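What follows is chain A paired twice: with chain B in the first complex and chain C in the second.
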Partner chain A sequence: MAEIRLENLGHSYDGGTTYALNPLNLTWKDGNAIALLGPSGCGKTTLLNIISGLITPSSGRVYFDGVDVTESDTARRNVAQVFQFPVLYDTMTVSQNLAFPLKNRGISKDEISKRIAEVAELLDLTKYLDERPLRLRSDLQQLVSLGRGLVRKDVPAILFDEPLTVIDQNFKWTLRGRLKELHRVTKHTLVYVTHDQTEALTFADEVVVLNEGSVVQSGSSADLFLQPEHEFVGFFIGSPGMNFLNASITNGLVVLNNQEIGSAKSFGGQNLDSGSVRIGVRPEFLTISNSNGLPVQIDRVENRGGYQLAHFELAGSKTIAKLSNETKVASGQSANLVFDQERTYLFRESQLCGRLVSKVS
Partner chain B sequence: MKTRNNKAWFLVLPVILTVSFTAILPLMTVANYAVQDIFSPTDRLFIGMDWFYNITNDPLIFNAFKRSFSFSIQVLLIQIPLGIAIARIMPKSGWKASAALVMVAIPLIIPWNVIGTTWQIFARPDIGLGGYLINKFIDFNYTSDPLDGWILILLVDVWHWTPLVILLVYAGLRSIPPAYYQAAAIDGASQVAVFRFVELPKLKRVLMIAILLRFMDSFMIYTEPFVITGGGPGEATTFLSILLSNIAVGQFDIGRAGAFSLIYFLFIQILSFLFFTVLTLQERAEVTKAK
Partner chain C sequence: MTSTTTTKGVLSPRKKKASLPWSGLMFWIIIAIWMIPVAWLVLMSIRPSADILAGLEIIPSRITFDGYITFLSKDIWYGAYLNSLTYSTLNTVMSVTVALPAAYAFSRFSFAGDKHLFFWLLTNRMAPAAVFLLPFFNMYKAVGLFDTNLGVAIAHMLFNVPLAVWILEGFISGIPREVDETAAIDGYSLPRFFIKIFLPMIRSGIGVTAFFCFMFSWVELLIARTITSTEAKPISAAMTRTVTSGGLDWTLLSTAGVMTILPGILAIWFVRKYIAKGFALGRV
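Let's look at the complex of A and B:
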């Protein structure tokens, strides 16, 4: 259990021509569950392997509880890691598999059997302890892999590299719940790599969103959803993702479709400079009203059971509004669109720069 | 329910015909010889199983059998561990890996009697570079000392065939996903433990094939001793194959050679079959366990 601090950490696989991971600074509190979220090839596994010591970073330092471990190899860092698919020792039984990391570190027999019993109990593996892992279902195999990550008490962190990929969809929920429970009980620092937003958002205290080798935002699930600091976060998190509309700012007023729709305020409160801007608003924060608002023509309404999605075009962009079932809306109908005051943001060069404040208030 | 259609047998017919002419008929000819004492093409005598009794009680053949068998065991004991050791230290990627592979494969593509001739000259104490150099330190003369002859043939076989083991093991090692090595590093496993618990179990199948191939081939070794020592000095390197060809084309004792070939053939066949059966049974056991 440790606080993990990354300082100017970057990595290049080709000697500095291109960076798989651009230099970044992050600090993760001891005992937190952290998710590294991003599409394939965004550098999240590279980051994980740097923390576990399987890769030595091209630049920057890694600190565990303030101790520089950048040069230490994996065994000395003592971290635990669980891989994408079950990695097991075929010739050993489940209990021997679980004992292996402890045995290699010269821990006494009594202690080992005590730890195995505890972990098996926790993961519900007790009845399989004497089996060969090859005989087990793949989800149970992954549990054994997981168990090998959990047997050591003194690890600074447990790292997961998309550990639920091979698991059956139905069982995923169970396992995810069990992981969360584990975290609550053991208070280990967990780092969890995934490309599945649901997995990341439900699992982690802190979600780090990566794109093209850079951290675009790091924060709680609510932060990422309610106030994305980067267009990528708005688009990647949420289903459907955030709507983006091309607009411009003239003398502090936001102009969309040659129509002034409100004023642009930076987070300090002052007006933003004139120029082009992108309005970002989540489908959840768009409503339609029959009195006032921006007139739009609804193309198509999709009923999803619990809610309905209204598709329409606004300022040349396909836009979606997520409406409650009570809202009366039909395809082909015209409607008046209302932006949520608090949750309509302005982006410049993909970065959050301010929010839209309605002029009529 | 599978439908049965006996017409499918017709599709196998061409293969049966081809195999008949290339394997079964020649073998039956040998079987025919084996039950006769043949003095000349016109003068022959049916003697039933006499040759078989004769051969199984012949100390000459029994000694050759012991020689061949212990040669094969020694070949396995040297080539399998050596092959694994070399495959493990070979470069894993880049031009070095390609260069190493090509170098290792060279002995495999040289014609066998060329290998024999090369070594025969190379190891000669008078005009061979190797033989000359080694005689600076110890007495080594494969033409007069039975042990030296044996060692030379063993050495040539190791030089010639260890590459096969290396290539098989190398391919086996490359197919182990890197995650296994990473997991072992995270579990704090020593080099020995990595070999014992990660590599060896994954290499099992490949090693079984290597052992089977090397046993069969070394048990049938012919060209190298024929070219280098001619079965000598004395009878030191007279393996079963050398003895067989002496009887068949040296003494033209076709009947005895026929019976000898059949026993030789059956022995290899049975050993390979047993080996193969054990291997597949073990695998099947593992698969059913997995379910």
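Let's look at the complex of A and C:
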């Protein structure tokens, strides 16, 4: 259990030509569950391996509770790590596998068997303790791997590298719930790598979104959803992702389709400079009205049971509005589009720069 | 462990292959044809020399165990046999010991020239053994390894270490790097991890490698004969040097042949399961 602080941390696999991980600064509070979210190849596993000590970073420092551990080897850092695929020693039984991380650290036999019993209980593995891991189903094998990560009490952090990939879909929910419960009980600092937004958003207190080796945003699930700071976050999180519309600003007014639709304000309240801009708005924050709003032609309505998705084209971009079932809308119909005042954002060079204060509302 | 564990963990019934008609009979016919020289040798070893030379005789009319008795009592025979066993075993142990860390390095690390070096290991086997006779002879005379079992074992490493590295690398690469990383995170140093976890995991690979090292060393004649004279004379050399003034003792020679086949049969019996695995990895 420790606070983890990363200072100017960066890594390059080829001696500085390209960076797998661009220098970044992050601080994770003790006892938090942190999710590293991003597409494949965005550097999240590299970051995890740097924290566990498998990789020595090309630049920057890693601190556990203020102590610089950048040069310490994995054994001294004492973190636990669970990999994507079950890593078990098939020459040992399940209980010997669980005992393995403890045995090397001079812990008494009684204490070891106590810990194994506790972890097995927690993960429902008690009846498999004397089995060889190879004989078990793959999800049970991964549970044993998880158990190896949890068996040590004094670890500063437990790192998970997409641990639920091999787990059956139905079982994923159970396991995720169990992890969450575990976190609540043990208060370990958990770092969880995933490319699945649902997994990240439900699991973590803090989600760090990575793209192309850089942190694009770090915050709570709600922050990422309600106020994405980068176009990538808007697009990657949410289903469907954020709509983006090409527009421009002239004299502090946002022009979309040669029509002034509102004023462009920075978060400080000033007018934004003239130039091109992208409007970002989530499908959840678009509504249609009968009276006033931006006229659009609905192409297609998709009923998803609990809600409906209206597809239409606006300023050359395919746009989606997520509407409640009560809204009367049909394919081919024209409608008036209304932007949510609070949740319509402006992006420049992919970065959040301000808010659209709409005229048509 | 990615693929092996998951496929083994799920208990799925093996798909039954269609069986060929007459396959049972064909099997025994093929075996019979292959076994003819071996059976012939065994029969020769229990017949008196005179009978062997007399003519064709499928069922021996007279049986003698003189060949075996001579083989096991005469120092020149069993001594040579023991020599071969000694240097083959010694060679196997040394080759595998040297090859294990090398194969691990080739599999897990990248270093300057690793790919070329790995290929070069194979090209090493392309030179005929005769090429190395002279340097070995001269060198061994100089350093006092001439006519010793250790000398023969070391000479054979020239061929066996590359082979062992090549085979072991395949087995080691079949084990995911995460296993190493997990052990490091569990607090194990590389040497401890290697001995306590890694070796048991690749034991089948070690078995196959040891088998091949042993066999190559056991059947190799040219080098073994050149760099020995009396003390460490190998069995195959003893067999070629038995033309005496009294003519050839056919029975004894066949007996030696049977005895020479035995270790091979034993070795392959012990590793027969692993060999298939080795073939599956494409490295044998």
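Here is the rule we use: the second predicted complex is superposed on the first by the 359 of 361 C-alpha atoms of A that agree within 3 Å, B and C clash if a C-alpha of one lies under 4 Å from a C-alpha of the other, contacts with A are read in each partner's own complex, and residues count from 1 in each chain.
Operating definition for what follows: contacts are C-beta pairs under 8 Å (C-beta built on N, C-alpha and C of every residue); 3 or more make two chains touch, one makes a residue touch a chain.
All of these numbers come straight from a predicted model, not from anything done at the bench.
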> Should the superposition on chain A be reported as showing a clash between chain B and chain C, or a fit?
Replying inline: clash
>> Going by the contact rule set out at the top, does A:V87 touch chain B (first), chain C (second), both, or neither?
In response: both
> Regarding the shared-chain residue A:Q141, is it in contact with chain B (first), chain C (second), both, or neither?
Replying inline: second
> Looking at the overlay, does A:R132 come into contact with chain B only (first), chain C only (second), both, or neither?
Replying inline: first
> Which partner, chain B or chain C, is in contact with more residues of chain A?
Replying inline: C
> For A:V166, is the partner it touches chain B (first), chain C (second), both, or none of the two (neither)?
Replying inline: second
>> Quick check for you: in the superposed arrangement, does A:V191 touch first (chain B), second (chain C), both or neither?
In response: neither
>> Just to be sure I follow: which residues of chain A are touched by chain B in one complex and then by chain C in the other one?
In response: 49, 52, 54, 73-75, 79-81, 83-85, 87, 89-91, 100-101, 104-105, 134-135, 148
>> Residue numbers of chain A touching chain B in their complex, please.
In response: 49, 52, 54, 73-75, 79-81, 83-85, 87, 89-92, 100-101, 104-105, 132, 134-135, 145, 148
> In the complex formed with chain A, which residues of chain C make contact?
Replying inline: 1-2, 5-6, 8-10, 176, 178-179, 181-182, 184-189, 197, 200-201
>> Per the contact definition, I'd like the list of chain A residues that touch chain C in the complex.
In response: 49, 52-54, 73-75, 78-81, 83-91, 100-101, 104-105, 133-138, 140-141, 148, 166
> For chain B, which residues are in contact with chain A within the complex?
Replying inline: 177, 179-180, 182-183, 185-190, 193, 197-198, 200-202, 286, 289-290
